[in-house]
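In order of appearance the chains are A, B, C and D, and numbering begins at 1 in each one.
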Amino acid sequence: MISGNGKPFGSPQALLERAEAIRTERKAIKQEIRVCAGPGCIARGAKDIHKQFQSEIKSHAKELKAAGLELDATLSEKCTGCHGMCEAGPVVTLEPEGTFYTGVKPRDAKKIVEKTLLHDQLVDPLLYELGHQRGGGKAERYTDIPFYSLQVRVALRNVGVVDPTNFDDFLAEGGFKAFAKAVSEMTPEAVIDQVEESGLRGRGGAGFSTGRKWRGALRVKKDRVWLICNGDEGDPGAFMDRAIMEGDPYSVLEGMMIAAYALGATDAYIYVRHEYPLAVEHLQLAIDKLHTAGLLGDNILGTGMTLNIRISRGGGAFVCGESSALMRSLEGKVGEPRAKYVRSVEKGLHDEPTVLNNVETFTCVPAIIDKGAGWFASMGRDKSKGTKAFSLVGKVKHTGLIEVPMGRTLREIIYDIGGGIIDDRPFKAVQTGGPSGGCLPADKLDLPVDFDTLSRAGAMMGSGGMIVMDDHTCMVDVAKYFINFLIGESCGKCVPCREGLRQVYDLLDKITKGEGEDGDIEKIEKLCHTMEVASLCALGKSAPYPVTSTLKYFRDEYEEHIQNKVCRAGVCPSLIMYEINEDCTGCDICARHCPTEAITGIKKKMYTIDPEKCISCGICKSVCKFDAVDIKSGDKIVSRDAVA
Amino acid sequence: MSPRRAKKTDVDLDNTEALEPSAGDTGAKAPPRPNKSRPSDLSDEERAADEILAHYPLAEPSLIMVLQELNDHYQWLPPKALLRVSEKLGVPFGKVQGVATFYKAFSLEPKGKKTVKVCLGTACHVRGAGMLVDELKRSLKVEPGHGMSEDGDYSLETVNCVGACAMAPVVMVGDNYYANMAPGNIGKMLKKEKPA
Amino acid sequence: MSKRLYVTPYRCIDCKVCEQACSLANTPVPGVPARPRVQSFKVDDQNNFVLLCLQCDEPSCQAVCPVGALERNPETGAIEVNDKCIGCGFCVRACPFGCMDYDDTHNEYIKCDVCKGDPACAKYCPTGALVWSDKPWTDQEAEEYAKKKSSDPFTIALEMTKK
Amino acid sequence: MSEAKTNETVHLTIDGREVDAPKGAMILDVARGMGIDVPSLCAHPGLEPFGACRLCVVEIQKPGWDDWYKQLVTSCLYPVEEGLKVWTDSDEVRQNRSVVLDLQMARVPESDYIRELGRQYGVEKTSYAERDTKDTCIMCTICVRACEAIGRSAIATLSRGPDKYVDVPNKDACIGCLVCASLCPTDAIPFTANDNGKRRIWDKEFDLVTDERTGEVLGTPEYLAHVQKRAEGNGLVWPETLKQESAKVKRYEYARKLSRVADVEDRLADEAK
């Protein structure tokens, strides 16, 4: 592996020269194996695959050398950040061809080395099945797959490309070019101008103009400005920031360094969610490396600039994604938000001016400085410029991490990139913006995805979680889920949020249990209104959105639960019954797994479920291999896919 | 100065025994009390706390980081260690306790040998994670976030999103991920993970 | 020189009119008299005495107050209890003269605030032992005092405190 | 509680009445100063504004906003601004206060104080599920903030969300001053001030120190020690004999001392001869 000389860089020029030198050296590399080490792929054994590759390369060293491949000289093998298509993991790509292997197991490493590396043959079973897309067949390169070809990666530009633990890798990909440009050619004012011109808006949720925020902090003339990077990604179903921090920590840091230069900040924090230990590890490695490289600390690149970045691990509180709560947390206090009538750019951390941006926002900054505000602003639409990363999850075929220019429609994202709904079931709703967002129904599929359009429709851009739901998702249950989530995460400071959430949950619970009454919906609506206008912080103010948006678009489902005591999705346990149909072969597996012995029958004949004993746990359905367990609600069979 | 106003020190009239401060109570700062416990008198928890505290500035902003490390060390926060942290950082114990109970990363009761974490992210929820929690509650006889199973092997926790939504629903035992779980597989998983 | 409450103890006959006047002037609820902020004593056969808050330059009560509930009114120069008071009673303990007090009928902490510039005690004092004035005595009184060589313990006490 | 009080004032309108208020003052204080009754449960003039009870919400309109657009803000935390228009009792305000009180009534069904307040906003009975509890704590945290101001921080909020509660996790820190109980708007902190020379609060029993001459209770030994420490921290002398004397006794002693000064003068006069 090519490494630096260990001495700090004395000037921006030296840094750029070094990057150029690495690039020249790397021209010799003929083949690169990239093992995806995103959370999904690691969970499926990516680390073992990486080890297996290392040992296979060693044991085939002679043959490889004969083929002109030598590890660390002409052949490179590395772990990268999340490649995006998590559902097909573990993923291995071979560069420069872009060969894309999915579902790789450690034992496949041998095959790949022997077949692809030595004989230029593809390992067919590992190739990606295009299905009905692009006329079917198998994709040889990831660029052939719509999931990738329709994306534009800005914030994720290096994720899945670089080895996050390797500084040289990052330099070779053009890292710190923007920072060098900023400190050597631009005034702080010019940096802010560029950021403002680019139209970059905060990627954390609210979408406040980043340039304007920075300018605001600059106007408050104080000795010290704090810089905070918010990596407390708490939205369930969102993991873009995690992927960036784990897969491309240097870009986050570079963004922060440019911001620090523009604002004259000397101290910065990255607040990382405590569930992300790998992100902490990679960021810490990167920070240490930057200190030895003279890019952090005193007299950065000989310019006299000082910056120290510290990592602070969150304590596991969703509310700490709220900026004022986050700052309390950094002060070592309970993460209770403060009222925002005094803006944090004036009085934030330790009551000093503070600029807080989200991970993705900072990551976009180097790209803007490097390629220009015009380039960034040319993407997107209206007042939402550039691209946005989303985590596309739920009942969609290709779950994973994507990035598209703002303004793409939901349909393009879900059907073209995401490949549609699992089992081609009907689409019911898409939930965006996490617990603060809302659910949009099928007739909103052609809405362009940008900050303002989504909020007008009752949802929210949020941090970028996009959860797709099919007809087997109960909207009342989804609303209840989010309220329950928020109950666990509310800080409990103000009354509408603390007491209101509990009451809304009680009412929703009543409805899902079939005990709903007339007037319950109106009660919920009244309560939601007060929560929305009278809560202290953004968490409380937006807490009712999952309820109000489902009430707006799926009111009939609520009414069905209340009037007919029916859950059409077959989800609410009190409103459904399990029933065995004639496909039953009498294999007895369900009876053996039933925790309440509600299933009886004679072997090899049809079994039956005693509705009195059944607790609707769903185990029978999940273990049945013959799809012989149906779900009934009311008189209708609303059968549901096996969970597994 | 007007004659009607007296300075507070003016009470110290030479001829007023009644108002004279008693010896040893002259308002001068009391000499620093010797540290009441020598290192050897410290309990294990206090020593562990001291070791961790040595890496941080002794001020309130360090609190959460110190508690994180303590929690990593013990898997929970022993009261003695918390008292020590409160004393050393100069943060009132009430506040320390408030922080320790506010953040989910901290546990105030001992944990089982292994912690089963069920992801309750939205993606996992819509794919049926709730049923997994119910099944685990039944088979381990524990409540999420509290206590441990009778044999002390497992604690149960629910987490909001482990960021592995593609494999939903996900259950984590220690560092191992179990993807695409169903209630029917829980028993098998627990058997496989059972600590020696 | 602004006005102050001056005490001439030898004129005091311990008639308690000042206490009554104070109590009535500071009664928040009609019919329920407040505890007086001023007190007169019969110390021994010769000496009577009226004691009220000295409005110290650096008041102990103010120094110990945790919430800043004791503030000096710039117009009267008196320290007043404002609505920030949380009732901890530190001031009562801290005042060496016992001039900070707690009125348990009205549940509030009290001290002399010179009735916001119009002290009732002085207004109703029948003997002139208490005066609200910009100097202790009129010129005539001063002359009289010099003649009589009567002692004015309070003035002497305070002069002694200045050394 | 605003620092750096300047003489600058801003001009605003509250409920149609024009007023000049010092810059940095909160709407709540200004409105109350005008005699307008704005309800609040968690505000105390001596403590940091907290903004939790949401009862003091008012509607505002800034100059330049569209005529129809108003915003609900927490008056205890919102500093006055030039040209601001404030409504403290509009329909929207009353509606939200009634929902908030409705929620509080469900939380503390046993509290007479909340019930009375609810009645003022037309809530006779809560429309939500009542908690099954005798506890009347509404989590205004006045006790927590007061205890912090006093310098003990014995009381803390523990846990979070709907489960959040107030307690004294370390009984040693409590000095039995009773300030928390006396400030509690809903009398949720049970205590006995003096029961045979003992005081009880937060499940802790205290001894009491009394003035020997008057029998007046001066407080708990912990309390007296705390005040002394605090006073000494402020550079005050703390005469031993004053420690256990009531205000009355202190006054009497001081009067006696001053009356004796006459003797001093005589002695001085003698010496002069």
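Keep this in mind: a residue touches a chain if its C-beta (ideal position, glycine included) is under 8 Å from a C-beta of that chain, and two chains touch if they have at least 3 such contacts.
Since we're looking at a predicted model, the values are computed, not measured.
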Quiz prompt | Chain closest to the assembly centre - both centres taken as Cα means | solution = B
Quiz item: Does C-D or A-D have more contacting C-beta pairs?
Solution: C-D
Quiz item: Taking each chain's centre as its mean C-alpha position, how far apart are chain A and chain B in Å?
Solution: 28
Exercise. Could you please state the distance in Å, as a whole number, between where the Cα atoms of chain A are centred and where those of chain D are centred?
Key: 45
Quiz prompt | Chain centre separation in whole Å, for chain C relative to chain A (CA means) | solution = 70
Quiz prompt | Junction residues of chain A - those touching two or more other chains | solution = 317, 334, 488-489, 491
Practice problem: Going through chain D residue by residue, note those that touch at least 2 other chains and give them in order. | Solution: 157, 159-160, 235-236, 239, 242, 253-254, 264
Quiz item: Of all the residues in chain B, which ones touch at least 2 other chains?
Solution: 8, 11, 19, 95, 98, 102
Quiz item: Quick one: in the complex, what on chain A touches chain D?
Solution: 317, 334, 338-339, 341-342, 487-496, 498-503, 506, 523, 526-527, 529-530, 533-536
Quiz prompt | Contact set on chain D toward chain C in their complex | solution = 44-47, 146, 149-151, 177, 179, 182-183, 218-219, 224, 227-228, 230-231, 234-236, 239, 242, 245-256, 258-262, 264-266
Exercise. Give every residue of chain D touching chain B within the complex, in rising order.
Key: 144, 147-148, 152-160, 168-170, 173, 232, 235-242, 253-254, 257, 264
Quiz item: What part of chain B is in contact with chain A in the complex they form?
Solution: 59-65, 67-68, 91, 95, 98-99, 102-106, 120-128, 131, 134-135, 138, 159-170, 177, 179-185
Quiz item: Which part of chain C faces chain D closely enough to touch in the complex?
Solution: 9, 39, 41, 43-44, 46-49, 51, 60, 63-64, 66-69, 82-90, 92-102, 107, 151, 153-154, 156-157, 160
